[in-house]
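This is the structure, below, for whatever I ask next.
Just so it is clear, A, B, C and D label the chains in written order, and each chain counts residues from 1 on its own.
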Amino acid sequence: MSHNSFGHLFRVTTWGESHGPALGCVVDGCPPGLKLTAEDIQVWLDKRRPGQGKFVTQRQEPDAVRILSGVFEDDRTREQFGGQVTTGTPISLMIENVDQRSKDYSEIARAFRPGHADWPYFAKYGVRDYRGGGRASARETAARVAAGAVARKVIEGVTVRGALVQIGPHKIDRSRWDWDETTNNPYWSPDARIVPVWEEHLEKIRKAGSSTGAVVEVEAVGVPAGWGAPLYGKLDAELAAALMSINAVKGVEIGAGFESAELTGEENADQIRMGNDGPIFLSNKAGGVLGGMSSGQPVVARVAFKPTSSILTPRETVNEDGQEIELRTKGRHDPCVGIRAVPVVEAMTACVLADAFLRHRGQTGGGAFRPGSSERA
Amino acid sequence: MSHNSFGHLFRVTTWGESHGPALGCVVDGCPPGLKLTAEDIQVWLDKRRPGQGKFVTQRQEPDAVRILSGVFEDDRTREQFGGQVTTGTPISLMIENVDQRSKDYSEIARAFRPGHADWPYFAKYGVRDYRGGGRASARETAARVAAGAVARKVIEGVTVRGALVQIGPHKIDRSRWDWDETTNNPYWSPDARIVPVWEEHLEKIRKAGSSTGAVVEVEAVGVPAGWGAPLYGKLDAELAAALMSINAVKGVEIGAGFESAELTGEENADQIRMGNDGPIFLSNKAGGVLGGMSSGQPVVARVAFKPTSSILTPRETVNEDGQEIELRTKGRHDPCVGIRAVPVVEAMTACVLADAFLRHRGQTGGGAFRPGSSERA
Amino acid sequence: MSHNSFGHLFRVTTWGESHGPALGCVVDGCPPGLKLTAEDIQVWLDKRRPGQGKFVTQRQEPDAVRILSGVFEDDRTREQFGGQVTTGTPISLMIENVDQRSKDYSEIARAFRPGHADWPYFAKYGVRDYRGGGRASARETAARVAAGAVARKVIEGVTVRGALVQIGPHKIDRSRWDWDETTNNPYWSPDARIVPVWEEHLEKIRKAGSSTGAVVEVEAVGVPAGWGAPLYGKLDAELAAALMSINAVKGVEIGAGFESAELTGEENADQIRMGNDGPIFLSNKAGGVLGGMSSGQPVVARVAFKPTSSILTPRETVNEDGQEIELRTKGRHDPCVGIRAVPVVEAMTACVLADAFLRHRGQTGGGAFRPGSSERA
Amino acid sequence: MSHNSFGHLFRVTTWGESHGPALGCVVDGCPPGLKLTAEDIQVWLDKRRPGQGKFVTQRQEPDAVRILSGVFEDDRTREQFGGQVTTGTPISLMIENVDQRSKDYSEIARAFRPGHADWPYFAKYGVRDYRGGGRASARETAARVAAGAVARKVIEGVTVRGALVQIGPHKIDRSRWDWDETTNNPYWSPDARIVPVWEEHLEKIRKAGSSTGAVVEVEAVGVPAGWGAPLYGKLDAELAAALMSINAVKGVEIGAGFESAELTGEENADQIRMGNDGPIFLSNKAGGVLGGMSSGQPVVARVAFKPTSSILTPRETVNEDGQEIELRTKGRHDPCVGIRAVPVVEAMTACVLADAFLRHRGQTGGGAFRPGSSERA
């Protein structure tokens, strides 16, 4: 509550429209004493920035983030922490909108673009900022990525990384999975061989003025057992909400996900052996979450992105006056929004984990019990 | 916040373990003046009750609900409302546990059953009520169903109904979908022809002491446009959290869901025409939600249930002492927990919608703008 | 949110009316591994129980609390913790209403008693349970006291204790303050000499069928520095809300409170010296809270209770039909509700501190920095 | 939750330090369609601006507010609403810090100023921005006033106005109360005759390098019956938290407040007669709140401000190294922070009421029942 905040102890509140003066977020509840500079955040923003490839929108935004509050640097912080650190007060992050290309919006100002949120915005509020998608613009995800950069500081030791595993009907070959590969191609693909297939598909889509969906997979490695909570504060329920809140997402699954519906109990239940540092699982159908709490295995989720509805083919729709019209969405658009979404999915995952970590520490004091010991460690 | 509440204005807090004296929930924020008796709730509880079919657990619980607070009846309420009504104060619902079969738990008291939450419970809390699954028992869903019955009263005019669309690898034929059929068979199947296939599959699973997953589909018909909110309070994000919070759920999708990843923009964006009461959509790939807000179309979600991990085949695991052991889960268990989950999925959907309705009314005053009018109606 | 919950990480949700079958609360977020039995709670409930003195209501309720969930006991908990302990899941507490004296409510069923909440209940909800005050009954405070008993377990090492410092115009002599005295008289007075004065005053009030206000003071000793948070999560702001939420409270002050308006900066700012365990203050005008965070000094608050509006003198009012009437409130009532409120004020203070402790631990990891050290301890 | 947000449906999140680049807030949940320009907010900010009188700090800040999001203007909004309106998305407000006078902070950088929050900030966070008070600066109240300006739009028809009723030991004569007078003098006094007394007192305080406390009274006229909620969502409990969260506040009372402790039930319970538009009260000891809900009478609260601890007299204290030192606080400071607090108290009151209005509308649909009718109006 209300409608633009996320998280409980690590709480992010975002604001901003595509064509307003700026957008940003306030990160409240961040622990003090974490080294944090604008550069630490900028590096993640640069990864999601438009204008980086042939198949992402050509809008050119530097997306330069400013930290307006919540950090401090003096001689003592330099000596004690090595530089500027968080103070525990709210961190306000702002990204100015500089490429608000002057444009004639008269065609869509009163029309409801099919597949877009225009109609329910009108129905609910009666007024909406239609310029560049307004609040519903993909630009809003910059605030998520910025917050995620702070979250990563909170969960130091946990690696959150994402990959694109499907574009349109073309899925990667999971047996070829190589994380290093994800930074070698502009599609975050962990499978080098799929890249030319995707490029051909995207080229065809782009030429047709069409768009295509995609699936992103994210994993968090290094999450200790016990984060999250049973039933209503489940780690996977929080993840599901966080990921479903990203624009264009239509599905979220954890571990084996929808495939688990087809499995038997024997196939699905991950068996356990004892390792040096606690239980070791022989498989990870659970996706690292059991009963809503992390098991110590990598937390794994997949997210389905629909194809953007901004396409060049004329489509039937109506407008605010109730007239039936045909509409063609012009402008700078991604043929596959899923590509740019990888850093966003990572960021939301990091935010959920940071919140889970702080809440776990609040209720229990932190750490976890290990088999063979009656002490929290 | 904390960990056992759900919703904002329509807020449900649940409590209870499988083998404690009782379980229940508190429904806070319910509007006043709604007719509500224990029978109104009991009818939904009876639908999820164990012991109703060959393929659900044989545990016999009457699951009789008591309303402990929040309702009132006198001559005037009888005259004005026709009987007992909600007063706007918190509604406490309690279901006593009567069939806590005396049992020897020594075998699992200190073991971590594979696929169960035993291990993370131990890791997080260091202590857990292992009797009958404790807090993680499927019995907890009775509280959800009870709360959902109250939620249905809040969103009068909206029909929330669920169906089972897949058991193991066997999916229904969607072209045969008949809602009436769902009450004709014990599996909530909308396709009569799949029933014998499922029965054969379940019989095989049961004999093997195994279990199978399933997929539940839920739809809410009659939801007006404008419920939900953009981005972080998205109706589909709240739904995703609510459904993922049900035990054994591993995936949630809205509308076309994961299939939308394979579609083009033309295939995916639902075109719009003008009807007598507002926009009419030519398809519902969006599942009734655009930009996080209801579009006026039926809200449609699908939920993947994993097979229960309580199976008769011995499985490798460890115990609290760090010893590697083999474990076989005996007892009364569902071979397919997805069957009994249908009323639970419905209930959670109703709770999300009731909350969205009240929040929408809070921020906007309620109602929606219609094309061709500048008035909220 | 919604309207009957309190706290964030240590979160209490209450329910129940005076003449329903029961009342109670759910305590969510309690840390695991704390020893807790019904007796641990009962001891505090017994302190607030009606029927203990001449000047408190003669209603006889055993107020026997039952723990319905959230605790567990087996051989291992007995060995490791010494008995039954909290498990980290929600603790449901219930107190059955056994003395719902059959009574004719026809006189007040439709009347708005002056000074009572009847009128706004009617205005807001249109329906209300008027029997014994319904939800607004002082019985509701039993749930607060029960929750407070759990909270005390969470903040072990902190002593929360209250005293009555004023009844009507008669204030105690603070120079005679003796905490031991508070258990020697039925008025929680720390000043033995005021007791006969109060008794005479109360006898006069009782004979006149009137009522009188009072002031309760509460202090929490042993709160370490750093609990609470600046500005919107201030410890004193949370305390103010918690204490003002008790029925009949009309004012809350911290430390010097309203008196501080008359002071100069020199008189008000507590000077500091260095002690063995950190800063020592030469006075406590701040009431143990600086900038919303605990300073390490005792946290001190005072709470003003109005006289109950249930008096025998006929009073002018109106009823639900809009008729002007005269009303005399009969029944079992306290001439001074402030007396019984002392354990309630203590309980709410304990709940606020438990929540502050968990939130502090969540954000920072717990503990505090000390002068001369750069480590948290 | 977390620590820098306030409200539920009308939710304000603030950020910013005194000497950072800017400060501001995000107002989430504001209803759409409300006319709102920067000027509408600026007018209230100008009222609290420093540098306006002899007895307020001479720091010169234009405090120019910018609206960064959440509003929209085009031809249609001009036609339909008369200009720029809220869109229902989060409203981001920013005020740049322009007068960050370069200064040597070496003396206080590591010292704990008595009566200030320096020590608990250090204890809790281990690091703090000491420049100009950092987050604890009175500048933060600019964000409150800006949010309050938006809140006033939400509760159109309700007048929220404040007055100073006491400076040091000098109280106004309430029989002379004249609201018009509050804008005729720089002290918000409703009693013209007290002004020279206060001026003399303040002059004496200023010359002594000292400071003095004060009491602010606020009332909200036009609040309909039924806002707020019983027990834990009480309107007066929310007000108490909101007002206590303002820096330097040490006490809050509603209606008769602490005086009610001295009254009898007959004196305290406001009698009721029937007016044309519903109940009329013959007095307002309750301060417009009964059982946590508004009664339709003016809502009245009083707030005690302590004297600022920034005084010229050397005071004993310790520093971060644990050394005992003497400290004299130099710089630009108010001898009486209560004076500038009047618009802040008004703003917080407006925010609480806006939230209560939206929550009331959410749960009940809005409006209130009136005696003699069974319809909500």
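Keep this in mind: contacts are C-beta pairs under 8 Å (C-beta built on N, C-alpha and C of every residue); 3 or more make two chains touch, one makes a residue touch a chain.
It should be emphasised that the depicted structure is a prediction, and the values quoted were computed from it without experimental measurement.
Q: Which number of steps is the smallest that gets you from subunit A over to subunit D via touching chains?
A: Step count on the best path from subunit A to subunit D: 1.
Q: Mind listing the chains that sit against subunit A and also against subunit B?
A: C, D
Q: Of all the other chains, whose mean CA position lies farthest from subunit A?
A: C
Q: Pick the pair with more C-beta contacts: B-C or C-D?
A: Of B-C and C-D, more C-beta pairs in contact link C-D.
Q: Centre to centre, by mean C-alpha position, how many angstrom separate subunit A and subunit C?
A: Here the centre of subunit C sits 44 Å away from the centre of subunit A.
Q: Using Cα averages as centroids, what's the distance between subunit B and subunit C in whole Å?
A: Their C-alpha centroids are separated by 37 Å.
Q: Roughly how many whole angstrom separate the Cα centroids of subunit C and subunit D?
A: Going by mean C-alpha positions, subunit C sits 26 Å from subunit D.
Q: Subunit C: which residues touch two or more other chains?
A: Residues 1-5, 8-9, 14, 29, 32, 80, 88-89, 124-126, 135, 230, 359, 363-364, 374 of subunit C touch two or more partner chains.
Q: Touching residues of subunit D toward subunit A in the complex: what are they?
A: So the residues of subunit D in touch with subunit A come to 1-5, 7-11, 13-17, 20-24, 26, 28-29, 32-33, 66, 68-70, 72, 74, 76-77, 80-81, 85, 87-92, 94, 109-110, 124-129, 134-135.
Q: Spell out the residues on subunit A that touch subunit B in their complex, using ranges where they run on.
A: Listed in rising order, the residues of subunit A that touch subunit B are 1-6, 8, 14, 112, 114-117, 119-126, 135-136, 140, 166, 168-169, 205, 208, 210-215, 224-234, 236-245, 247, 250-258, 260-274, 278-279, 282, 285-287, 290-296, 304-311, 313, 315-324, 338, 359-360, 363-364, 368-372, 374, 376.
Q: Quick one: in the complex, what on subunit D touches subunit B?
A: Residues in contact with subunit B: 1, 8-9, 29-32, 80, 88-89, 230, 358-359, 361-366, 374.
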